[in-house]
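You will see two complexes here that share chain A, one where it goes with chain B and one where it goes with chain C.
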Partner chain A sequence: MDNLIIEGTRQTPEINFDVESGILKLEGRSIPENTFEFFTPVLNWLDAYVNSSPDKIVAKINLEYFNTSSSKYILEILKKLKVFKVEGTEVLVEWYYEEDDEEMMETGEDYEDVSGLPFEIISFEEE
Partner chain B sequence: MNTYEKFRKLMDNHIMLSFKGEITSDIITMVLQIMETRLDSVSEKGNVKKKIFNVLVECMQNLYHHSEAEEPGNIDTRRAMLELFYDNDFYYILTGNYIKNDAIAALRDRIDRVNSLSKEDLRRYYREILDNNIISDKGGADLGMIDMARKSGQKLFYQFHDVNDSLSFFELRVKVAKNKPKLDK
Partner chain C sequence: MGGQSIYQNELDNLEQSKEFLKRNDYSQMELQLEFKKLVENYEELVDQVKIITKISDRLQKKLNKTNDALESSNNQLAELNNQLNETIDQLTEAKIGRRASTIVLFIAIGLFVISEVLLEPIIDDMFKDNAFVGLALKLVVAILIKPGEDFANKYMLKQARKKQMEEQKEKRADKKVNKKVKKKRKIL
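So, the complex of A and B:
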């Protein structure tokens, strides 16, 4: 199957899901009005990827901003990752936030709690 | 009021942006672009800038999805307003849009509930809604109010203004505290 690569825009995040390495990157901002349109192909890709039974996947989520309609879809992505885990794949979520962005850190903890997946919450310095 | 008085009023009230009209996708993109630049130039710390930007995104999302038309059935009359201004202590994001009278009670309840919760309870409520709500075609609108209260760290001020038998005008005001210079201890 093909890697999933979607370029980022001012409204939508950059997606780089790599079949071979199992690294799933989600970066930038996610504030489109129509989240359904953007996230449906992403979720479909993950559905197909489960069949490849990768040994390990690492989701690297590094978002600057996202709206609440995107927040539902981020949870959907995490729920899909749970399916991998059930199927025997080792799953890790790396949640990145800018040092002073306490809300983004808390949101990471919220997702860790709700999804029940192993999270690493990682801060980085502002550029 | 003559033009100069109008200009003075805009200046004295520290209005950073004022818009009325239909909130389209293009308008949202444009407003966010302008505000990002403006917030950069007032050199607010990243943190405050992010809070304002987050609230603004959510407010416009609400206007985009939930504004009712002023003339029933005429979608070209989904007019709304958005204003950003500040005083010594806060930034304010003010929105106004038409709402059907029969939708008022539910909205009022939702905001009152959000306003009644402590920071921790708000977080618990957020997790609960995030986990349990199915995705609607308008996205996670229920989360919007909770998110704005969390991000702003302030109570949400609202008011419904009478318009006619079927419509009211919904005013929502969200404030974000400015950075205070740290005092030496």
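So, the complex of A and C:
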């Protein structure tokens, strides 16, 4: 199975899902014109990855801003990660936010509540 | 909604329930199971709507905050720009004032020399008995120095502003051309 790598743009996040290490990175801004088109390959990749039965998955999510439909897809990604957990994979979600970005921190907390996955909410200094 | 929708799963579930309703041969047990499935899906959808709405509102707030910060920065920038323009104007005025004073001083010296060398002998010849005429002429020249300086100052300032406006016009025209070029590049 191949890694999933999608270059980030001004409207779409960078995606780097590594089969070997189990590190799934989602970084940047997510305001695609067509969220379905952008996220469908991501969800399909996760569906296929379940069959690899990885020991551990660390999802590193560092988003500056995302639109409403992206928020639905992030929820879908977390639901897929829940499937991994049910299948016996150790799953950790690292949710990154800029230290002054209260909104993004609270959003991470909301996703933690609704997904039932272990989260680490991590702040970092503005560049 | 067609085949491509972010709510594809939910639409599929709805379609399945509709198909089930079209059947007339379901048992009580099947009906109960279908209803249970429908309630579960509905519950999940409500949870999703709640969380998505909450997140969306919060990110809207973040966007508003960013817009406010941007507006405030723009205002500060505009204020600083005004201050800069005022300072530039003051500097230009001072520079032009100094230049006008120098020019008028040279003209006054010129007039003084002319009156001493050329006019004085003529006046002395014409008004031998009256020494005040020559003095009055010099007095007129001296009195004219200040209004002359003001006039020169105003004229030069007017010219400088005209030049400034023309430069700004050229800059705006250049900007427009650059924008058009960028647009064309984007299209290509």
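Details
By definition in this document, the second predicted complex is superposed on the first by the 127 of 127 C-alpha atoms of A that agree within 3 Å, B and C clash if a C-alpha of one lies under 4 Å from a C-alpha of the other, contacts with A are read in each partner's own complex, and residues count from 1 in each chain.
One rule holds for everything that comes next: a residue touches a chain if its C-beta (ideal position, glycine included) is under 8 Å from a C-beta of that chain, and two chains touch if they have at least 3 such contacts.
A quick note: this is a predicted structure, and the numbers were derived from the prediction, not measured.
Overlay on chain A: chain B and chain C clash in the combined arrangement. In the superposition on chain A, A:65 contacts both chain B and chain C. Comparing chain B with chain C, the partner in contact with more residues of chain A is B. Using the contact criterion defined above for the overlaid structures, shared-chain residue A:23 touches neither chain B nor chain C, since it reaches no partner.
Of the two partner chains, both chain B and chain C are touched by A:73. Contact with both chain B and chain C is seen for A:114 once the two complexes are overlaid on the shared chain.
In the overlay built on the shared chain, the residue A:100 is in contact with chain B alone; chain C does not reach it. Once the two complexes are laid over each other on the shared chain, residue contacts for A:92 go to neither chain B nor chain C. Contacts of A:37 after superposition: chain C is touched, whereas chain B is not reached. When the two structures are aligned on the shared chain, A:50 is found in touch with neither chain B nor chain C. Overlay on chain A, chain C versus chain B, candidates 40-48, 130-138 or 166-174: the clashing stretch is 40-48.
Of the residues of chain A, those at positions 35-36, 65, 67-69, 71-73, 75, 101, 103, 106, 110, 114 touch chain B in one of the two structures and chain C in the other. Of all residues in chain A, those touching chain C in their complex are 35-37, 39, 65-69, 71-73, 75, 101, 103-104, 106-107, 110-111, 114. Against chain A, in their complex, chain B makes its touches with residues 25, 28-29, 32-33, 45-47, 50-51, 53-54, 57-58, 61, 64-65, 123, 126-127, 130-131, 133, 135, 137-141, 143-144, 147, 150-151.
Across the complex, chain A is touched by residues 4-6, 8, 47-48, 51-52, 54-56, 58-59, 61-63, 65 of chain C.
Contact residues on chain A toward chain B in their complex (touch as defined above): 10-11, 31, 33, 35-36, 64-65, 67-73, 75-76, 98, 100-103, 106, 110, 113-114, 126.
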